[in-house]
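Note that the chains are named A, B, C and D in the order they appear, and that numbering of residues resets to 1 at the start of each chain.
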Amino acid sequence: MTDKEIIASRIALELNDGDLVNLGIGIPTLVANYVPKEKTVTFQAENGIIGLGGYVEGENEIVNAGGMGASILEGGAFIDTITSFTFIRGGHIAVTVLGALEVDQEGSLASWIIPGKKVPGMGGAMDLVTGAKKVIIATRHTNRGVPKILKKCRLPLTAAHQVNLIVTEMAVMKVEEDGLHLLEIHPSYTLDEIVKATEAELIINDVLPMKGVNL
Amino acid sequence: MTDKEIIASRIALELNDGDLVNLGIGIPTLVANYVPKEKTVTFQAENGIIGLGGYVEGENEIVNAGGMGASILEGGAFIDTITSFTFIRGGHIAVTVLGALEVDQEGSLASWIIPGKKVPGMGGAMDLVTGAKKVIIATRHTNRGVPKILKKCRLPLTAAHQVNLIVTEMAVMKVEEDGLHLLEIHPSYTLDEIVKATEAELIINDVLPMKGVNL
Amino acid sequence: MRGIISGDKFKTLLKDGMSIMVGGFLTNGTPEGLIDLVVEANIKDLTIICNDGGYPDKGVGKLVVNKQVKKLIASHIGTNPMVGTLMSEGKLEVELSPQGTLAERIRAYGAGLGGVLTPTGLDTLVQEGKEIITIKDKKYILEEALGADLALVGGAIADNYGNLKYNKTMRNFNPIIATACELVVCEPRKIIDEINPENVITPHPFVDYLLVGEYND
Amino acid sequence: MRGIISGDKFKTLLKDGMSIMVGGFLTNGTPEGLIDLVVEANIKDLTIICNDGGYPDKGVGKLVVNKQVKKLIASHIGTNPMVGTLMSEGKLEVELSPQGTLAERIRAYGAGLGGVLTPTGLDTLVQEGKEIITIKDKKYILEEALGADLALVGGAIADNYGNLKYNKTMRNFNPIIATACELVVCEPRKIIDEINPENVITPHPFVDYLLVGEYND
């Protein structure tokens, strides 16, 4: 499995039957490929779909939140932006999975701006991180060796203290009141390697091998 | 013409082609009967109709804002309460016509409660009086001889300073910055009779006979 | 949506002291079968949130008459004399909210907003005890968001997925309350295979249960 | 609705310095024909309010590239590099608003509310310069209501009365901006006789003009 596949397949295990889920662009989108057949998970696209289906090349009447041609599943609904963010901000989204530039041990996330370099804007990410019941960050553990999981984010925040779980190709970490707990590690990495690749202080008890990973 | 017919027919002249109009219960409802054929006026019922038609005895799937069986005209729409009050509060209603317990020379209205006696509630009236572009009060000039058009309302207000025009069976009065102007009087009444039946101070210049009245 | 629910199962979800939002406007669009089950369950001390007080024999009026209601939040109570009577006897607390404000307060809760900034009710009894916020020299009343434990949704055509659209004027408060309650139960007028995705008013994730059968009309 | 409008008549409604809201999400549902007319009219110093900055050759991006825009209020500008370039050169003011907040601000204006009380953006750059309101121990940013002079609505199926429904995901911001502007012009994808009253999304009184003909797709 590639790093992306490891992350996506692990996160898929966090989705429960009946969940309404919003997946961000990039690695998060891949999570949809790993939902077990026996679970009914409904995906939302914040531009206005309940029941988002897969990509459709050349489709331009139905697009997903990345503006790509997409489809709607049976039983779905097209909604306006207000209704879409009523779902998002109102706590009706069980899980959102988003990428990160930085994420920290306090559960804060930076993902929308690198001042002076790149200002894509926050789109729906600030609402998603604030409103979803469970916020999962899907990210590579480092940016070419530079830690992305920090003590405290240095880039401007997307939201403070809202992240619940961080899943990387190396580890699964959970944000708790007392700090960032290392829950699972990928068997390809040693505990030492993971600690070295992480700026955040990891609270380490009962670490398990990463679930859902096929070696 | 009865008093009610005088009031309703005079108010109908205030409606312009293309107006979206909300009529309250009672005398205001009668205004719809006097809209000239050449004008296209769309009526709204705040419970959720754009394009309200007439009463329909026994109809229980479409009701008007009084809970009575009603109809929808061609080109109409059924809407929810939020959309209905987006029209109302957002200034999308050109004219609302409402009844009054009391109305005063400052344009304040009392219509929803007689403390200790009767508390029907304000329903949609407070939003209508606050949000409609033009607020017309349709009321008998007095309550069995007791003035209803006052210097200052004594009953709890529905809204302050929102009324634009007051139409009774005796007169048409307009609320301006400097006070309540007597614009028109019904030919059956003398100026003196009208002044006596009114507690409010009337500013009197160029009074005309009431328009649209068939003697 | 979790699925179809029976009347008996529905009754097990009811508890004394609950807050319940009920759709309908002067009972047009009110789910009478669900109300009857709440009457049968005879739970007490309810906070009922509804556009109006219904009629003594219809809508939330039945709950008032059966003395199950501790507090009623509504915009209009003139059609049910029992509300006024119990209120003046001090046996029922009534909070009157302008209709548009009531709808916005519920919507705000459902949408994760803290409250509503409305000009409606300024300089009236409605503003008493509430914060006034000035924005660009205009005043607004801060009305707090309003949620509840249970929504009873009526007037709907449902599909097999739990999506809802609404019959004629029965829409009114129904789609709004469906966004603002912990548990949302709908008593649809009928169930069809699938609603066209462009015509869905309440998407299925807002709905927990459909109650069907003897309560359908 | 006032009626059908020609492209030439539409151009007479345009003025330098206008604020214009444009529907669409990454140009899905954006009325390209109306945008082209605004480009032709070459009015300047515009404030454009749209979900995003479009693409250089599509959507509001065409107005940015043609240097007609003084200020852009949007949630995302990453798909149009010209926005970033002009912004860093100080030739374009950009106000970034979270997508849900942007939609709510527009809705609030259309609904006569003074603003929005949202938790989104707390403890981020978004809250800078804004009032924080505490309700029941929770903090919310007060975001002001946002209206404009002109709404350009796309992605719609219209009927002869001016009622609108929307095609698939083209709905997005379109019905929202239609409530919040002095003048609302829609470029529908097609016009049908009548939309079922239960399926209308934007009722005709919100719409001023329909632009049809060569700009239809």
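The rule is simple: contacts are C-beta pairs under 8 Å (C-beta built on N, C-alpha and C of every residue); 3 or more make two chains touch, one makes a residue touch a chain.
None of these values were measured; they are calculated from a predicted model.
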### Query
If you tally contacting C-beta pairs, which pair wins, A-D or B-D?
A-D
### Task
Report the inter-chain centroid distance for subunit B and subunit C in whole angstrom, where each centroid is the mean of the CA atoms.
29
### Averaged-CA centre spacing for the pair subunit C and subunit A, given as whole angstrom
35
### Task
Give me the residues of subunit A that touch two or more other chains.
72, 78-79, 82, 85, 88-89, 130-131
#### Entry: Residues of subunit C whose C-beta touches two or more other chains
104, 107, 111-113, 118-119, 166-168, 197-198
### Query
Which of line, ring, star, complete or other matches the graph of chains that touch?
other
### Query
Every touching chain pair, please?
A-C, A-D, B-C, B-D, C-D
### Query
Inside the complex, what are the residues of subunit B that reach subunit D?
18, 20, 42, 44, 50-51, 72, 74-79, 82-83, 85-92, 130-131
#### Entry: In the complex with subunit B, residue positions of subunit C that touch it
25-28, 51-52, 74-79, 84, 87, 94, 96, 98-101, 103-104, 107, 118-126, 166-176, 201
#### Entry: Touching residues (chain side subunit D, partner subunit C) in the complex
104, 108, 111-119, 133, 135-136, 138, 140, 142, 144-145, 165-168, 197-199
### Task
Note which residues of subunit B are touching subunit C in the complex, please.
45-49, 60-63, 65-67, 70, 72, 78-82, 84-85, 88-89, 113, 118-127, 130-131, 156-161
### Summary
Per the touch rule, the subunit C residues reaching subunit A in their complex are 2, 107, 109-113, 159-161, 163, 179-180, 194-195, 197-198, 200, 203-206
